[in-house]
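Read the structure below first, then the notes.
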Amino acid sequence: MSIWEYANPKRFMQTSARALPWAVGLTVACLTVGLVWGFFFTPEDFKQGSTVKIIYIHVPAAMMAINAWIMMLVTSLIWIVRRHHVSVLAAKAAAPVGLTFTIIALVTGALWGQPMWGTWWAWDPRLTAFLILTLFYFGYLALWSAIEDPDTAADLTSILCLVGSVFALLSRYAVNLWSQGLHQGASLSLDKEENVSDVYWQPLVICIVGFVLLFVTMVLLRTRTEIRARRLKALLARERVA
Amino acid sequence: MKALLFRDLRLAMRAGGGFGLGLAFFFLLSVLVPLGVGPEGSTLGRIAPGILWVGALLACLLSLDRIFALDFEDGSLEFLATAPIPLEAVVAVKAFAHWLVTGLPLTLIAPGLAVFLNLPPAGYLWLVLSLALGTPALSVIGTFGAALVVGLRRGGLLLSLLVLPLYVPTLILGAEAVRRGAEGMAPATPLALVAAISLGAVALLPFAAAAALRVNLR
Amino acid sequence: MQVKLDNLAVARGGVTVLRGLDLVLHTGQALILRGPNGSGKTTLLRTLAGLQPAAAGSFDLAPDAVAYAAHADGLKPTLTVAENLRFWASIHGTPDIDPALDALDLATLQHRPAGQLSAGQKRRLGLARLLVTGRPVWLLDEPTVSLDAASVALFAGVVRRHLAGGGIAVIATHVDLGLPEAEVLDLAPYRARISVSNGFDEAFA
Amino acid sequence: MKALLFRDLRLAMRAGGGFGLGLAFFFLLSVLVPLGVGPEGSTLGRIAPGILWVGALLACLLSLDRIFALDFEDGSLEFLATAPIPLEAVVAVKAFAHWLVTGLPLTLIAPGLAVFLNLPPAGYLWLVLSLALGTPALSVIGTFGAALVVGLRRGGLLLSLLVLPLYVPTLILGAEAVRRGAEGMAPATPLALVAAISLGAVALLPFAAAAALRVNLR
Amino acid sequence: MQVKLDNLAVARGGVTVLRGLDLVLHTGQALILRGPNGSGKTTLLRTLAGLQPAAAGSFDLAPDAVAYAAHADGLKPTLTVAENLRFWASIHGTPDIDPALDALDLATLQHRPAGQLSAGQKRRLGLARLLVTGRPVWLLDEPTVSLDAASVALFAGVVRRHLAGGGIAVIATHVDLGLPEAEVLDLAPYRARISVSNGFDEAFA
């Protein structure tokens, strides 16, 4: 059996129905452990005080915001090449989730920026690139909602997602050339020495896993909703004709 | 194809066509910003490269929805899609016509408007050069955006929403080149990148745009 | 030259409106599509023109053999009659527009901007475009809307000459065109009945 | 009249309608200007009042051509002109609907965008106040402009050209009020003038617009 | 209720197209305007509707007695059939749209967005608007374009009921409407000849 079998809506509904309870359970477990550990059982930073704990939301949200877009890119490609409906509906389902993560990252970043940098917002490359990502999410969603016919919408948004990804990447480089950064670099890389100290690191990893699971759960749920909405629409259309 | 180009140019020149209006918008923005921001010369000089580029970008943007919408509404686009020229060529010709009507005049008039905004003299050459290299990208990207929204009634502002983020790299790099030029630094790197974006966009986006058009005509 | 429909089904807005169309048209033949409003004539013509995919079945008709005339005429109001026509002529590589102007009695109007024509004059200009495409298969959607009796006769003559020259025409209309030799196809029997058999997933056709 | 208002609002909310797009444009401009001008906070703070006002103005401007053009194209406007409500009331209702869909949300979202542009904190209150008082003028003046160009195919950019000069006083005074507020000076005089312009425009322009409409329908 | 034209002349694009129209229509009367394309039917109807001034002469018809149906139907594609109709009903103070929906057989379509109707269905909706205006004088410009035979008959019935209820109708058309009792006015004799007699100042008419 090939993996494409799961792109059959019926098949997908069955499998996802079985997977969902597990996904929900794991998500709740990871997030509870990670956040409680992070918020209540780690010391305060000597420099940042308790604001350092924003990291447990900010960093996972920021990571997932980018990964959600990447997932949308992949599923959009699958739709363009193989025309599996579940694939493109998963992209559609992921967009609002990704957008929410993006906004969470922006808001937590802003809350963090106020004590750390003395401003809610600075035109730092990473922040700017993130803002542009937000724009792409909005554009993508706006295009979906503007088109009536679902297949037309799927095709056009997939093309937009593809082209948009290229330009998002270009923006990232352009922005680097344009401004020096305030924001810290990657602190979770494996090959670097100066990772965040262990006390912060372990709960952070759990939180990141929790956010990944949260994303998967949300996307599964929303994809199921999209499939149902699509069926409902077909039923209504048929009733109209009858 | 030549027929299509000439028709588009002729339509642009006729009453109610787009020629000159992009230009007018560019002009008005360069006048409004000093009115809004206040008359201090030094501040204006500092923001001039950015404002001029933003102005050029908006002027392009505002004329985008003419590219396909009119042809769609009166049915010509369906006839063009069934005509013996590939849709990719139609898209490329339309982008080129848009550039001739918008991007080129903008580039030529920009130094004049830079005077209003107090751009330092060292920046003039780079302003013209960066616009000349960057506006083709704006036209092609815009044509792609217009192809995406062509089926929708008055996609105009949705179009802006879709296209503006795509314009970001060109804008940043173009304005950066002018700024560096105006401050006496070397503007070669951003300028080369702007040219690269233009080339890439011209080479690849017509295919994406034609695909989008086909979907929209369905 | 022939047009062949093989168990063709066509859909609009995700709903199949016609199915089971089997049909062969040969050189010199005209087919008139009849059916009440909303029965799918426009949808069928758009499908044959290659503007939308068939919902099922297939048809044999090269897209570059087709000239399609829709409800909208594709005229630019600021260009003159001659300019409008000359544009389509050069797109299709036809050197001369005079025969088309004469055939539809537009010669006296040729320097008027198309935006200043009356409804019927616009329509005549839209039909003149068919002649400059030089294509053998005409797909016409209610071509005589707004035409007066004289123009309808003129148009019937144009179609007849096209057929005599080896062309084919498929015409959707509600009125009498004065083409008694044309075959008439009533679409009522092909109206798609709703089938629930293939389950929910037909939403993802 | 209430029916007309509700219809316009409903149309704006439907797919392809204008709601949110003016907002999106305002947002985009506030983001693009720093990208063009460069990231320095102090420069941005200085130009913020002007840029925000120019942005609000352009966002209004871009949604103007929807006011009448759609109704004109599909023939509704002729039917409205022969309907039993005075054309002046039609104009006023349409201007009001435009303000509800564009001006009001702009006013509400402006403080959020001011963050991006580093507006000094003292300016926030005056920003909201000046927009609240000034955007009605923008809508009414814009409706008048839209009535002037309604017969023309894609009058969009011609419209900009006609309306922008009419927007100038509102822009100058509105931005000045915010700038004074941001710098801690008294913003009362320009603010009062903005309010006066709005009142005058609301009271008088619907008559001019209705006259223009009648001519254009002829 | 009556409509009276007194030596009326109408102009389009600065050129007088019809002149010398003298005519009285009484309650219950229908008038069918005939004339080749470009003869000025649309121009005359627009003038009577008060949308453009008369070029000369005068007519007696209060603007608020008129319901005008043009080529374009004034439909909003994103609103449903019922929403479109209800809007015009409330503009004209008509409380109920159901009679209009029923009269034109639109009840089953009432929840469909108008943009998804076929050409003939759109037209029916456009005609339904006339009923909710509640106005006595109907000015109709080619009302049966795109309608199938059944709908044309339906429409003829609607017009007949309107006349019986004390209405008046002026209808421009090229096809047979199935209203044999209506008077027919051929516009050919009223076609304006070009006269240069009154000198250059007619450019400032």
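Order of writing sets the labels: A, B, C, D and E. Residues in every chain begin at 1.
Keep this in mind: a residue touches a chain if its C-beta (ideal position, glycine included) is under 8 Å from a C-beta of that chain, and two chains touch if they have at least 3 such contacts.
Being a predicted model, the structure only gives us computed values, none of them experimental.
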Chain pair with more C-beta contacts, A-D versus A-B: A-B
Identity of the chain that, by mean CA position, is farthest from chain D: C
Intercentroid distance (Cα basis), chain C paired with chain B, Å: 37
Approximate Å spacing (C-alpha centroids) for the pair chain C, chain E: 28
Residue list for chain E, restricted to those that touch at least two other chains: 71, 78
Contacts with two or more other chains, residues of chain B listed in rising order: 15-16, 70, 152-153, 155, 158, 161, 164, 168, 172, 176, 218
Multi-partner residues of chain A (each touching 2 or more other chains): 132, 135, 138, 142, 146-149, 178, 240
Chain C residues touching chain E - in the complex, by the definition given at the top: 13, 35-38, 42, 71, 116-121, 123-124, 142, 145-152, 174-175
Touching residues (chain side chain A, partner chain D) in the complex: 110, 119-124, 128, 131-132, 135, 138, 142, 145-148, 178-179
Of chain C, residues touching chain B in the complex: 49-53, 63-64, 66-68, 70-76, 78-79, 83, 86-88, 90-93, 129
In the complex with chain D, residue positions of chain B that touch it: 15-16, 18, 21-22, 24-25, 28-29, 32-33, 35-38, 43, 46-47, 49-51, 53-54, 57-58, 62-63, 65-66, 70, 152-158, 160-161, 164, 167-168, 171-172, 175-176, 179
Chain B residues within the chain C interface of the complex: 2-4, 7, 10-11, 14-17, 70-71, 73-76, 78-85, 217-218
